[in-house]
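Same chain, two partners: chain A is paired with chain B first, then with chain C.
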Partner chain A sequence: MGVLMSAIGFGIVTASILAVSSVGFTLQFSVTNVFNLSFGSVMTGTGFIAYALNTSGVSIWASMAIGALCGGVISVALNWLIFGRFIRHGISRFGMVIVTIATGLICDNTIQAFVGPTFYAYNAQPGKAFNLAGMLLTGQELIIIVIAAVMMTATHVGLKSTRLGAAMRGLSVNASLARACGVPTRRVVAVAWFASGVMAGIGSVALFLDTSTFAATTGSQFLIMVIAAAVLGGVGSAEGAVVGALVVGLATEITAAYWNPELKDVVAFVVLILVLLVRPQGMFSQLSSERTAVG
Partner chain B sequence: MSAATQLYLATVSVYICVNVIASWALDIQFGVTGVLNFSFVVFQAAGAYTAAILSLGPSSSSGGFQRYVGGWRLPFPVPIIGAMVVGAVLAGVVGLVSLRRLRSDYQAMVMLVVSVIATIVAESQTGLVNGVAGISLVANPMVSLIHATRQTQIWIFVLFCVFCMALVGVVMYATVYSPFGRVLRAVRENDRAIEALGRNANRHRMQAFVIGGALAGLSGALLVEFIGAWAPNGWFYPETFVFFTAVIVGGRGSLTGVAVGAALVGVGVQQAVEYLPITLNPSVIASLEWIITGILTLVFLWTRPQGLLPERRRRFPTPWRSDAPELAERSAATKGDERG
Partner chain C sequence: MAHSGSGSLVVAIFHAYSGPNAAFGPEAAAGCFPAEKLINAAGGVLGHKIVCDPTDSKGDPADAVPAANRLIASTSSLVGVLGGGSDTATAVVPLFAQANIPVFSTTGQASFDHSTSPYFWRILSPDPAQGGAMAAAAKKLGLTRVATVFGNDSSAQGSAPAAIAGVTKLHLHLVTNQTIAIGQLSYRSEVQKLASAKPQVIISEADPQTSATYLSELRQLGTIPDLITDPVSQEPGWRKAVIGAIGASNLNARDYAVVAYAPLTTLAYRTYTAALKTIGKQVSQPMQWNSDLYSVADYDSVVVMALAMDMAHSTSPKVYNTFIPKVTNPSAGAVVVHTYAAGKVALAKGKRIQYVGAAGAIIFDRWHNAGQGFAIERYKNGNWAVSSVLSSAEIKAAF
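Take a look at the complex of A and B:
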């Protein structure tokens, strides 16, 4: 029982990090219909901005907040410089996937060229450990869980009960109809990219704290897990992404505890493939596959 | 020519042949049929490991310093044929899972995930293909086959690679420009229309996928027999992207174009970076190659999405219409505005 509870504890921490990241990924996808494979690079970039702040004396949580804002700016800049232009240029959906991969590779390797192949670690104390019903969690991990819970609630309320949220949902269902109804498409799209970048930033600092060391490739490696959680829930569905994150997080940590830590990611991916075989659209997605990209 | 120069030229030639074969393999999947195969490099790796295991003999024979499954010492062409078979079978399995009824972007993601799974399994299960260290000491088949100097043996292997590339080229031309190839292109352009005409689009995607898998296996087998070693850090999932860039730069669907793209991107970029007049840290050189590859892709997708040598647009006269040639001209003119 002790092993199971502590595995569930780790699973909830992993799921919190995954949930923030994959909601950011999926929110931007649902509004713009761009499958953004450079999301991992935005994560790495913000992680290193937070590292620069952190090593110059800023506390880790303040670094996370500033890093997240920078992530939002980077994300909007990528859309303004590259993605939006390609979409208005009339690129196909296949082409857009390749554009985001190319952008991600360029960003990752630019970061790598500056920071080198070494590993980095934040200057932060994990804090006192708490025992919650057998789950051993550090103060740091509890703060991560609280941040994730607050972010999820804010996203849910924002999407369901603000005008901006309504505009986003409108764009995700039918972009041209939303535009015809007077939704300022470009502005809403920019907000979606900003929100996605902010969540990438929070997710990356939380991830790098959790893994304790990180390098220039950590963000893009984690992206595969983020995509697994988002696709599992059904891309474009924020609630689905949270459930997907929980499934992936718990599956990986329980595998690590009971079977083989090296294969924990494989189990998560196999779960993803099995779910897609039964429900090809993911668990919660209601989006049609006929939509076109919006930039 | 000095021995070093000869070895350098031979190496570049083999890399060009291998990259051209691999890029054609991806072209029939992605360029011709429109399947975004993000696990492509896995099939190349599967071929390489198969060829290594089929020619090295049991793993105890090399003093037990590397461990892998099976291990046979089979005569020359058998390991290469085995690699093609394994590539095709693996493509069949992955295709069965991912090509079924998934949306095209989910398909791409599933294949990306397959690529990551394959790397994790190969790295963590050390008994399978010797884990992170990879398999080494794979012998060039010409060494035991032909009694000559090392130089001659290497050049004979280069000739063999060129022969394989030519053979694959002939087969590809026969396939891509046949009625079968036309159906594949129709699947790429409009899978609903082709299904309305009574064709099973998924079956055709599967066929292209398996053909590509076999050719990818062949490319891996040739490469491992030349360089002698194969390890997981040579086939991380971004490596697939090099072949995508080759296909995009060359011109998707166009065989000559893709061959040119494969030589330029797969070998040219790397060589160009090596000869930069400034001395750089080795890890910066690797990063620079990726950055150049990424920028090449973006530039081509923006300025010339059809590639250097675009796929020919074929026109067929409709003999039962008297105004047929004009009609073909007109429809070609309207179609010319579409972007690939």
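Take a look at the complex of A and C:
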């Protein structure tokens, strides 16, 4: 029982880190229909901005907040400078994926040119460990769980109870109809990119705190797990991303605790495939496959 | 990327400059460029200048194979390769061998212990010897409750089986044996299992990020046991990552690095470090590699290639390749030389030579493997220092 409770606790921490990033990834996709594989690079970039602040004496949590805002600006800038232009030129969905991959590679290699092929760590202590019902969690991990919970609640409330949220949901269902109904498409799309970048920033600092060290490619390295959680929950569904992150987090930790740690990713992706066999659209997604990109 | 001028001879530094093993490239460059400088200062090889040419293998076979093919096809003056670390050797050594290019590899993989490739050469000891030496170090340090934690990559898995077998052979208590997937977001469950097994020491090899994450999470559960690590832990990137995770004092107090041993006080070594100091343009902070055995071995590799060309009176890789053991292995009447310049002079006088390099004597066996003894090193006052040398009897007992 002790081992199971520990694994569940560890799984919740992993899920919290993944959930913030996965919701950011999927929120932007649901509004714009751009499957943005440069998301990991935005994570890395904001992680390094937070690092620069943190090593200048700013607390890690303030660095996370400022880094997240910068992430939002970077994300909006990428859409304005690159992605939006391609969308307006009518690029195919597959072509857009390639553009985002190329953008990610450019960003990663540019970051590496500046920071070099070495590792960095935040100046932050994990804090005292607390035993909560058999789950041993540090102060830092508890803060990450709380931040994730607040972000998820805010996203849920924002999407369900505000005019902006209604506009985003409208765009995600039918962009042309939303536009015809007077939804300011460009502004809503910009907000979606901004929110996505903010979540990439928060997710990256949480991730880099968790891995203790990070390098120029760490964000992209973990993108596959972020996408796995999003796909499992149903791409485009914020609630789905949270559940997907929980499934991935718990599956990996329970596999490591009870079976072979070498196979933790294998089990997570087997679960992913099994779920998609039953529900190809993921657990929660209701998006149509016929949507077009919105820039 | 450096390119050869007219008449120059290219030695490719075919290692990772990006990806998880991005330290391998600069590490090898810290061996190649000092050799280039000293060889060219001595007049070059048969009138040709040596040029070290960094080529990024990216540390994985999928990228390394096309890069190797491009290198072979585009560089007509390629005379030798430093490269094929444990991450790519299996894929690229056959390609260079097929092109008749000698490859001085730093791979530790056991599959090369009895390599029949005439163009494969390995100066440092293979991974199984490393693994056995790590187990022998635990015994020597009096640490009986041993845990092994190895990454599931080919580099770490080269030494893992011998380390685990050595622990058993030496009648130590293997409390847990973990093979961990590298590059994970968390190892908390693995770490908790390890902590509950209460080891006195962890014998470990993993890449920087994996080690940092694992040890950081172990630290959160309490005290970190002693660590017995391999030469990877002496690389600046590994140290920077792990220090960022658990602090310098924690790491320095716990870490016992088991490394191939060469007495770093010889004329050859002093010559190497003097040249290393001057290559700041080609290698960032070159002196960080001054006691890195891989860099030292790569330096010796280039000198050996150059001397073999001199002895063969040919820069043709196919021709000089067979002369490589003739300039390193002991033979009756051979003059022992410690630098390229001295070797060149002796060869010009028609003498036989034995090059004893910065890494010590290099005696190739029939499979083109040489090897050194091992030592336990600690990091003190900003430097690595030998704390004790493992005797061959102590290492043999682990096999």
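The definition used in the following text is that the second predicted complex is superposed on the first by the 295 of 295 C-alpha atoms of A that agree within 3 Å, B and C clash if a C-alpha of one lies under 4 Å from a C-alpha of the other, contacts with A are read in each partner's own complex, and residues count from 1 in each chain.
Methods note: a contact is a pair of C-beta atoms (placed from the backbone, for glycine too) under 8 Å apart; a residue touches a chain by one contact, two chains touch by 3 or more.
Please read these numbers as outputs of a predicted model, since none were measured by experiment.
Chemist: When the two structures are superposed on chain A, do chain B and chain C clash or fit side by side?
Modeler: Overlaying the two structures gives a clash between chain B and chain C.
Chemist: Considering only the touch criterion stated at the top, classify A:I227 as touching first (chain B), second (chain C), both, or neither.
Modeler: A:I227 contacts chain B only, not chain C.
Chemist: Would you check which partner chain A:L272 touches, where first means chain B only, second means chain C only, and both and neither mean what they say?
Modeler: So A:L272 only meets chain B here.
Chemist: With the two structures laid over each other on chain A, which partner does A:P117 touch: chain B (first), chain C (second), both, or neither?
Modeler: Touch status of A:P117: both partners.
Chemist: Touch test for A:F35: chain B only (first), chain C only (second), both, or neither?
Modeler: first
Chemist: Thinking only about the overlay and not a real complex, which stretch of chain B clashes with chain C: 42-50, 114-122, 204-212 or 222-230?
Modeler: Among 42-50, 114-122, 204-212 or 222-230, only one stretch of chain B overlaps chain C, namely 222-230.
Chemist: Both chain B and chain C contact which residues of chain A?
Modeler: In the superposed arrangement, which is not itself an observed complex, chain A uses residues 112, 116-117, 260, 262-263, 265 for both chain B and chain C.
Chemist: Can you name the residues of chain A that touch chain B in the complex?
Modeler: That would be residues 35, 82, 85-86, 89-95, 97-99, 101-103, 105-106, 108-110, 112-113, 116-117, 224, 227-228, 231, 235, 260, 262-263, 265-266, 269-270, 272-273, 276-277, 280-282, 289 of chain A.
Chemist: Give the list of chain A residues in touch with chain C in this complex.
Modeler: It is residues 3, 6-7, 10, 13-14, 17-18, 112, 116-121, 126, 129, 136, 138, 207, 210-215, 217-218, 221-222, 225, 252-254, 256-257, 260-265 of chain A that touch chain C.
Chemist: What does chain B use to touch chain A in their complex?
Modeler: Listed in rising order, the residues are 34, 36, 97-98, 100-106, 108-110, 112-114, 116-117, 120-121, 123-124, 238, 241, 244-245, 248, 281, 283-284, 286-288, 290-291, 293-295, 297-298, 301-302, 305, 339-340.
Chemist: Please give the residue numbers of chain C that touch chain A in the complex, ascending.
Modeler: Contact set of chain C toward chain A: 17-19, 22-23, 26, 152, 178-181, 183-190, 192-193, 208-209, 212-213, 215-217, 219-221, 236-237, 240-246, 284.
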